Every structure is written in C-alpha cells, then in structure tokens.
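One chain, chain A, appears in both complexes that follow, with chain B as partner in the first and chain C in the second.
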Partner chain A sequence: MQRTTLQTLSLYAGLAVVCGVLLFPIYWLFVTALSTLAEIRQLPPSFWPAEPQWSTFAKVGTERPIFLWLWNSTLAALGSVALSMVVSVFAGYSLSRFSVKGGRSLGLFILTAKMLPATLLVIPLFGIFRSMGLIGSLWSLVLAHATLIIPFTTWMLKGYFDTIPRELEQAAMVDGCSPLGALFRVVLPVATPGLAATALYAFVLSWADYAYARTFLTNAQGSWTANLGITTMKGEYVTDWNEISAAAVFIALPIILIYLFLERYLVGGLTAGAEK
Partner chain B sequence: MAGISIQNVYKDYGALNVLKEFSLEIADGEFVVLVGPSGCGKSTMLKILAGLEPASGGKIMIGDRDVTDLAPGDRDIAMVFQNYALYPHLTVGQNMGFGLKMRGMPKAEIDRRVRAAAKILAVDHLLDRRPKALSGGQRQRVALGRAIVREPRAFLMDEPLSNLDAKLRVHTRAEISALHKRIGVTTVYVTHDQIEAMTMADRVVIMRDGAIQQIADPDTLFAKPENLFVAGFIGSPGMNFLRARIEAGKLTLFGQTFNAAVGVGAGEIIVGIRPEHLALGPGDVTFTVKPTLVESLGSEKYVYFEPGEHAYRADARDEERGKGLIARIAHAGPIREGEELVLSFNASEVHLFDAKTEKAVN
Partner chain C sequence: MSLRFLDLARPSRQHWLGYLLLLPAVALVALIIVYPLFVSLDLSFQKIGMATLSAPRKPFTLENYHKLFASPDFWNSCWVTIKLVVVVSAACFAVGLGTALLVNNRFKGRTLARLFVALPWAVPEVIAVVIFAWIFDSSFGLMNWLFIKLGITSQMINWFSEPTAAFWVVAVTMIWKGYPFVSIMTLAGLQSIPEDFYNAAKVDGANAFQRFWYITIPVLMSVLGVTSVLVVLWVFRDFSIIKVLTDGGPLKATQTLSIMTYDQAFGFFNMGYASAIGIVTLVLCVVASLLMLGRKSQAMY
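Right after this comes the complex of A and B.
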C-alpha cells in the first residue's frame, strides 16, 4: 500500500516523539554530567552547558573507585550469566524435547519463581548465604542473580529450542552423535542467536541489580558493584549530581556497547521464536 | 549393503497401539516403499528402523546383526528426512562429511568421498555454500549426498520429495530410482503418495491404522488388491466401488446380469471397477449414464456420473469425488454433461469384495 505524504509525515513525527521520550533521560544524564552545579540548579534549565565540564568524568574516574565497582559488576554479571546459561540450556532443552509426566506443570512451576518479587527472596537468601559464609562475597550475587535469571532464561531458551526442528538432532544421531553430542554439535550452534539474546538479557538483569548487592555486600567495600557504589556518592548534606551523572554514564556505557554489538543477534534471537 | 529383517515389531504409546505386529523381510539391494495415509504408522516404523524411536517389542536385523537396541549411529544406516535436516551452520561440504567426521575418518578421505558424492549428485560447485543459499532441489540433493557419502548398509527415506514442487518431484523421483540402481543399496522409503510408491518400488507395503494391508510389487497391487482399502488407495483416480447383489455366480449391475467369480455365495457384494476399465461405447457389459461433470486433461477425459441404486459409501473413494463414479476415457471426442453416454466394461476386469470383511473374493 502506498503511503501519502501526510501519512509519511505523521509516521515520522510519531516516531520522533517516541524516540524523544525514550532518549531524553539519557541526554539529560549526559547534560547533567557536563554541567556545573550552578547550571544544574538554575531555572529555567539549560539544555546544553555553556562550558561542558569534561573534567567531571576524569574526576569520577580518579577520585572514586568507579572502575573497581564496574569490574565487580562485570564479574558478578559474567558469573551469573555463565551459571544461568549452563542451567537454562539443559533445562530449556529438556522442557522442549522430552515429554515426562507433569513436565508442563514443572515448567510452569519454574516460572512461578520469576513471579515472586526479588525483595521477597532477600531474607531467605541472606540466611542461606550467611550460613554458607558468602555474605560480602561476589559469589552471593552470582547465586542470587541466577535464581532470578534462570526461570526466565529457561523459558526463553525452551521457546527457541521449540523452533529448531527435531530432525536436525535425529540426523546428527544417525550420523553418529550421542544425544548430548547432537545438542553440542548441532542444536547449540544453530541456537546461537537465541543464546546471545538470552545471555544479554541475563547480563542486563544482573547488571541492573541493586537490592541484592545492597543486602549482601554493604559491609564489603571491596566487593561493591557499580549500582551499589554510586548510591554512596550521595551525601547527607551535599550531593554532586554532575559526578553521580558521570558515574551513571560510566555504568550505562558497557550495556549500550553490548547492545550495539549484539543488536543483530538480539533481534534475530527474539523474533525467531515467533515464526513456526 | 545388507538385507533387513523386521520381526513382529510393534509400538504402543500407553494404551494407543500405533504399530501392530509389523514383519517384513527386505532383500539385499531391494527398494521397498511403505505407503499409506497420514497416521498409518509408516513414519513410526521408519524411525524404529533408524533407532530414533524404541520399539515396544519385536526384533530388527540389518544383515546378520541384531540392531534392535543399538543407537542410530551404530546401525550403519543413513537417513534422508522430509525437511532434509541439513545443518544450517555448516557448509554443504561439511554437511556431507559430518557423519564421516563423527566416525573419525581422516580428513583427506572425507574430502575424497564428499567430492565423489557431490559429483554424482551435481552439487560439487556448491560445496562451500550454506544450506540457506540453496534451492529446494539443491537441498534435496545435498541431503541425498549426505546419505550416500557414508556408504551405509541401508538408506532410509522419510517422504524426501514432499517439499518439492510437482515438476521437480517427478524429476527427483527418477533421479533417486536411478541412484538406487547405480549404487544398489537396500532402501526403505516412506511416502503417502501412491504414485511415488508405484513408480519407485520393487515392493510396496501398504499400511493403514498401524497394520500392513498388503505387500506386493506395484503390478500385483494394481491387478490383485487384497482388500477394499488397497483397491481404493492404489490407482489414480481411485477404483469405483458399487454395491450389488450376486446370485448363483451371476452379478446384476446397471440392469445387466453377467457371470462373476466362481465360488462366491449369494448376497450383497462390493464391486470394484477401475476408471480406466470403463470404455466409451458398447462392450461386454453396456450401460447408459448421464455425466454430471466432465474434466478434460487433453489426452483423456474424466467423466463423472451417479451410481444410482449401486451407491457405496463415499469415504471409500477420493473425498472430492463424493458419491460419484468416474470413467477415465482416453482420446474421446466431445462429451457433454447431462447428455446420455454409453459406457461399457469387461466382466473379467471387475474386482469383487466381501461386503462385511471388505476382503477380495475373486
């Protein structure tokens, strides 16, 4: 169907508004980071600082242990992604391929764990980790994040495995693979886009956590993650919002870069489940 | 290469018996086709033969080896799937050599075999491509290549032509037959298409509801169907069925009485007449009809007409034909719907089936 000029203009205007709404917070974060404290508080606000304060980024990088926090966040996220993916691949594959009595109910039961609010699980997890001696260790975050991530990633991967024809594994088995060999040599390579999308989702979920980090790591400064560390930058009497914004930019940057890098896989992975 | 012996194999899913006591001896180098409607158990049987599904009971021998409990990879068979099941992340060459690689064959030997098989199937110029860059016909050839490169003891093919368009299907059908003649490997081929079965098979196994209906070569199946199902399944268009009475060896049909099979008791009987056995003009048994529909295919015409008092249940024939009978008239002049038409058939060409057991009685 051919669009009229008016329809095209309306479409682009609509898209511009949506993009503006979505991108404005990121723009404002960046502007705040580059503004002086006086500019931040002035009314009407300035939409671009008169003299961008690039030094704020250097100040945050040198005076605060932002890179240690980022490193800790990275370790926790990679650990939870690795653990979640190993469990989810086997769980999702089993749910997709093997029909056992009550298998469907079991699958839905796994998903109920995702329905519980994270804060509800904090207290029992704290008790478990304390008895295991993990409080203050990044391992507590890895395990806690995995409990949040695994239910959802299991279902994401199950959906993806459902779209892969069983005949591929059967062909691999006729060609001499064991069932596990068929999974590793054929199914997982074919499922790469789905695995990338799922891993990215898991990474973002772990990266964005604050509640668990706050609960399990508060007394271990060396293990603070970026989200936990940044909250300590707000003082009781004085808050340097430009520094906090600069730190927030540092924290958002890895996720944005990963999204840009994996976007092709991500979109392919998420839409592949839609086609039968 | 090896013969295959399937002995009393059956398959249950809980209380559901999808394959009933299947026994079949396949000679070394033979091309056997399992054919039947959807859900008849033919694909289940093939998967059991491949080891992709366990049998609930029975025994399978390939050559002199009992393979009943062996994994698919240990049976020394190759399989071609309906959707080809090519590995999308591997090139054509890697797809074809995958099975050999799994068996630890040296790379040089894999390359040699892959190139030889690719040349036979005319896909040697595609070896570096991925499956998604191939046409349907090319994918089909690669799937065949993946099977023959292994030099297995038997080929199993699960409806390998059903994803191709009609023209390519006919072409590939002939190619598979030629390939079989060339390499002579025992082949078990599953299809729901009776034309594929008739044109390719040394022997055809007709199945229905998990049970074998008849095992015979294509000509025997056509000429001597053992029951009503086989008679209706083989032939295109399918056989006409009519309900009639037989008294003292004489059959009354369309107002004509003629001698039928010897030894058939008096009573109701089902008469089968193949559409191509109905001829234009008077003959051995002559009758007049008014065509309800005439389809011209150029070289022949399909003339539909009502069976009248001889109507038999519609589900015994092609669904689209409804209750109508059909005559397949070759090289006919103009035939108009509604105008009287004289048809005839030879009494020796009718098939008789018991009205209760539906088994052939002549």
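Right after this comes the complex of A and C.
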C-alpha cells in the first residue's frame, strides 16, 4: 500500500497524540516520583522537575519495606504458578490427547470458573483457610491464586498441546517410550515456549491480585504483598504523592519490564487464553 | 510386559491414563473452587455472621434473598454495576479498536508503537489507582488545573466526595486499564486475516472501505465477541480498582455488586447475606455471558 507523504505525516502525528494522551499517566507517575513536595504542590504544575529527586527512591526504599513486599509477591506468584503449572500440564495434556468421558464438560466447567467473582469465592475460602490456620500466611495466597490461574493455564496448555502433532509421541512410543516418558521427553521440550508463555501470564495474574491479599494478610504485616503494601501508604495522614509514586514505580516496574521485553510471550498467552 | 501395560494404542489403557492425568487438577479444583462454591451457596441460605466450618449449621432460611431483593442498596448496586459495565466496555472498545487500527497500518517503528499503545495493560490495577487518585486529587491534582484552565469549571471539583464525579473517576481509571486488552485482541484478530483476502478483493475491484467492511469486520467479529464477554466480566467483577479508589463511595455512588458483597462479608461480617449477593452476581455473570456468546456462535469467516 503506497501512501503520500502527507498521509504518512498525519499517521505519525495521530500516533504521537494518541500515545501522548494514553501514556501520560505513566509519565506523570515518574515525574511525580522525581519532583520535590513543593513542585507537586504548585499550580500550574511543572511537567518536568527542575532537579530530579532520585533520593526519593532511596528514601522510600529504606523507610518502607518495599523490597519485602516485592519479595512476598514474588514468592506467592512462584508458588501458585508452580502448583498450577504442575496440575495443568497433566490436565491440559489429558484434555488434548485422550478422549476421556466428561472431558468436554470439564472443559466447560473450567470456562465457567473464569466467571467466578473473586469477591464471592473469598468468603468461603476465608472460612476454610481460617480453620486450616493459613490466614496471615503466604500459603493462603498460593492456593487462592491457583483458583485464578488454573482455569487459564489448563486451557492455554491444552491449546498448545493441540498444536503439537501426535505423531511425535507415537514415534517415541514405538521406540519404547512409555506414554508419560513421551510426555516428559518429547512433548514438553517441544512445548517449552508455550509453557514459558503460560507460566509468565500466570505470574502476572498472581502478581496483580489485591482482593485475596487484603482479606487474608491485612493483619500480618510481614506477609504483605506489593499491592497490599502500597494501598496502606495511600490515605495515611497526609499522602506525600512523591513518595507513594516512587513506591508505585518500584512495584509497577517488574511487570512493565516483563511486558516490554517478553511481550510476544505474554500476548501469546493472553490471546490463547481468550480464544474459545 | 510393563510396556504393553501402558500401551497407548489400547483404548482401555488410554482412558485409564487420561483420567489419571486429570486427577490432580480435578482434585485441586474440587478442593479450592467447587467445594468453596458449595460452602458459599450453603452460607447464603443461613443467617450467619462469621463463617466458621466447625460451627454447627444454622437452619435453612431464604431470609438473605428476601432481604436482598427488598433492599434499595442492592438495586442501587445493580444500577451502578450496569452503568459502569456499559460506559467502561463501550469506551474500552472505542479506544481499543481505534488504537489497534491505527498501529495496524504499515509504518516504520510499528512494532514499538504496538508495544507502547497497550502499555497500560502491564500496569497493576492498584498502581493505576495510585496514578489516577493523584491526577484527580482535589487540592493539587492535574485534572482540576486542566478543567479550570479549559474553562469547564470555575472552582476546584472535589472528585471523591461528589457522586457523579467519583463515578467518572472510577470509569476513566477502568477504561485506561481495560482498553489495551481490546487493542491486543483486535491486533491478534487482524493478524489472522491472510493478506490474500485483501489482494483478492482488490483484484475484484473492492475499495478500501469495502475491504474493511466485508473482510476486516466479519473476521474481527468472532474475536471481538469473546473479547467483549471478557471485558464485561472484568468490569462486572472488578474489586481492586473501586475498593482502593473510592471504596464504593461517596454515598454508594460507586458501590458495585462486587464491592457490596465484600463490604457485607468483611466490613459488616454478614457472611450469609454477602454470599447471597455473590451468588446473585455469579448468576448474572453467567446469564450475561451466555447471552453474549449465544449471538457470537454464528461466527462467520
């Protein structure tokens, strides 16, 4: 398709305007984090700090247990992703390869599980976890996040396994491999990109949770996740927006970086999880 | 021979292994999804404050549901939820489709533009709330300055104590967080259209608009059907954005069904009543998505 110079120019101009407006909130977060309190409280606002205050990051990083929060988020995410991936790999493989009775209805059930409101499930889970003594422990998040993740991962992995030709395992089994051996030695190595994409997407899902963390961990400060921790900074006495913005940058950065560098995998997972 | 025993070619063994592989997932899902779901269904029929598993079951009652349907609070929450779903989904689609079509053009730096146009997807919801709470801050927020500068208002708006204003703050935050999903899905859909379709249409003399209308739109429809269900469900069930941004206030102007469920359960400790609201929410979600998917099933390619 050939375009005139004018059309190309207006395309770039439109793009600049659209991106400028849509990405401004992210820019503003960084600018606020780098501004002094005085700059934040002046009107008209300054759109770039006279002297970037990098020290705010150091201050927030030392005064607030942000790295502990990030670590807790990571632990909860790793735990729930590991748990979900193990059961989903087997289930997805089974749904893809074996015509088990009730497989279809199970698939349908998994789909409806995606419609469950977390605010409904959190009530019985709270009762169950309380009697198990899990309230206040990160293990409660590992299990609760698995309820968010398993429906996605099972379905995504089934989709990836569907794209791998059956002949591959059949050949391995002719060569004397057991069906499980074929899964581990032949199918999983081929499916590695799919597994990585699925796990990455599941990680982001877990990382984004706030409802479960708030319900199970509010009284256990040592187990606070990043999302829970930062909300406690908002609304305490006077909010110093530069400090809370700096904390927000710490918390948003891991996922933004994952997105920027591994977007291909994430989007693969996103769209695969949504198709049918 | 043990190898024979596990031979995939034999149908009986095949089923056996298939079930075995499903077992861990089924057991885990039964434990952490199905069982809790039944517990909450059971709770919704009891007059119960704090859910404890060891306590003896309270007598069966429909009181929670009676109370619910008689409560103006519930109908208010339904109305807020519907308003939010309509406003946010429509805007997410407008912005999402627009951005997707924009970066689907061929130009230098397209890959980068695609990446950046959907960047808000990667910002956690709670962080999006921090950003917008600050932009809409009533004393030093940027939005008040902009509104006064543009002459829309003459005095500072207190965004979080004015019901209509608070609703729009929530809506704007959710739109910003939700539109990238629509762009990503649309782009994926657009990429699945083979170039040959367009070339064939061009040979047949179709103009740009006709190509868009007869090729792009029909193919996109099936992708957008699924996407719309997911967006609607997301708005319907969202908790974190509203909870942290406005906590359902002011005057319950942003209290959706999800927020009402949560507040009844963990604010007022009426877990029976809260479960009833949650069950009704779930039924509404399922009905809404069935209605939307029903129309999508005649997807044309």
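We adopt the following convention: the second predicted complex is superposed on the first by the 229 of 276 C-alpha atoms of A that agree within 3 Å, B and C clash if a C-alpha of one lies under 4 Å from a C-alpha of the other, contacts with A are read in each partner's own complex, and residues count from 1 in each chain.
Just so it is clear, a residue touches a chain if its C-beta (ideal position, glycine included) is under 8 Å from a C-beta of that chain, and two chains touch if they have at least 3 such contacts.
Please read these numbers as outputs of a predicted model, since none were measured by experiment.
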Message: Quick check on the superposed pair: does A:29 touch chain B, chain C, both, or neither? Answer first, second, both or neither.
response: second
Field: Comparing the two partners chain B and chain C, which touches a greater set of residues in chain A
entry: C
- prompt: So, does A:126 touch the first partner chain B, the second partner chain C, both, or neither?
  reply: second
- request: Would you check which partner chain A:98 touches, where first means chain B only, second means chain C only, and both and neither mean what they say?
  value: second
Task: Quick one: classify A:178 as touching chain B (first), chain C (second), both or neither.
output: both
Query: A:186 contacts which: chain B (first), chain C (second), both, neither?
result: first
Message: Contact-wise, after the overlay, does A:168 reach chain B, chain C, both or neither (first, second, both, neither)?
response: first
Chain C-contacting residues of chain A that also contact chain B: 170, 173, 176, 178
- prompt: Considering the complex alone, what residue numbers of chain B touch chain A?
  reply: 47, 50-52, 71-73, 77-79, 81-83, 85-89, 98-99, 102-103, 146, 150
Statement: Within the complex, chain B is touched by chain A residues 165, 167-168, 170-178, 181, 186, 189-190, 192
Query: In the complex formed with chain A, which residues of chain C make contact?
result: 3, 6-8, 14-15, 17-19, 21-26, 28-29, 32-33, 35-37, 39-40, 43, 51-54, 95, 98-99, 102-103, 105-107, 113, 115-117, 119-135, 137, 139-140, 142, 145, 149, 176, 179, 181, 184-185, 188, 223, 226-227, 230, 233, 236-237, 239-240, 243-244, 257-259, 261-262, 265-266, 271, 274-275, 278-279, 281-282, 285-286, 289
Query: Any idea which chain A residues touch chain C in the complex?
result: 1, 8, 11-12, 14-15, 18-19, 22-23, 25-26, 28-29, 32, 40-45, 83, 86-88, 90-91, 93-95, 97-101, 103, 106, 109-110, 112-128, 130-131, 143-144, 146-147, 150, 154, 169-170, 173, 176, 178-180, 204, 207-211, 214-215, 226-227, 230-231, 234, 241, 244-245, 248, 251-252, 255-256, 258-260, 263, 267, 270-271, 274-276
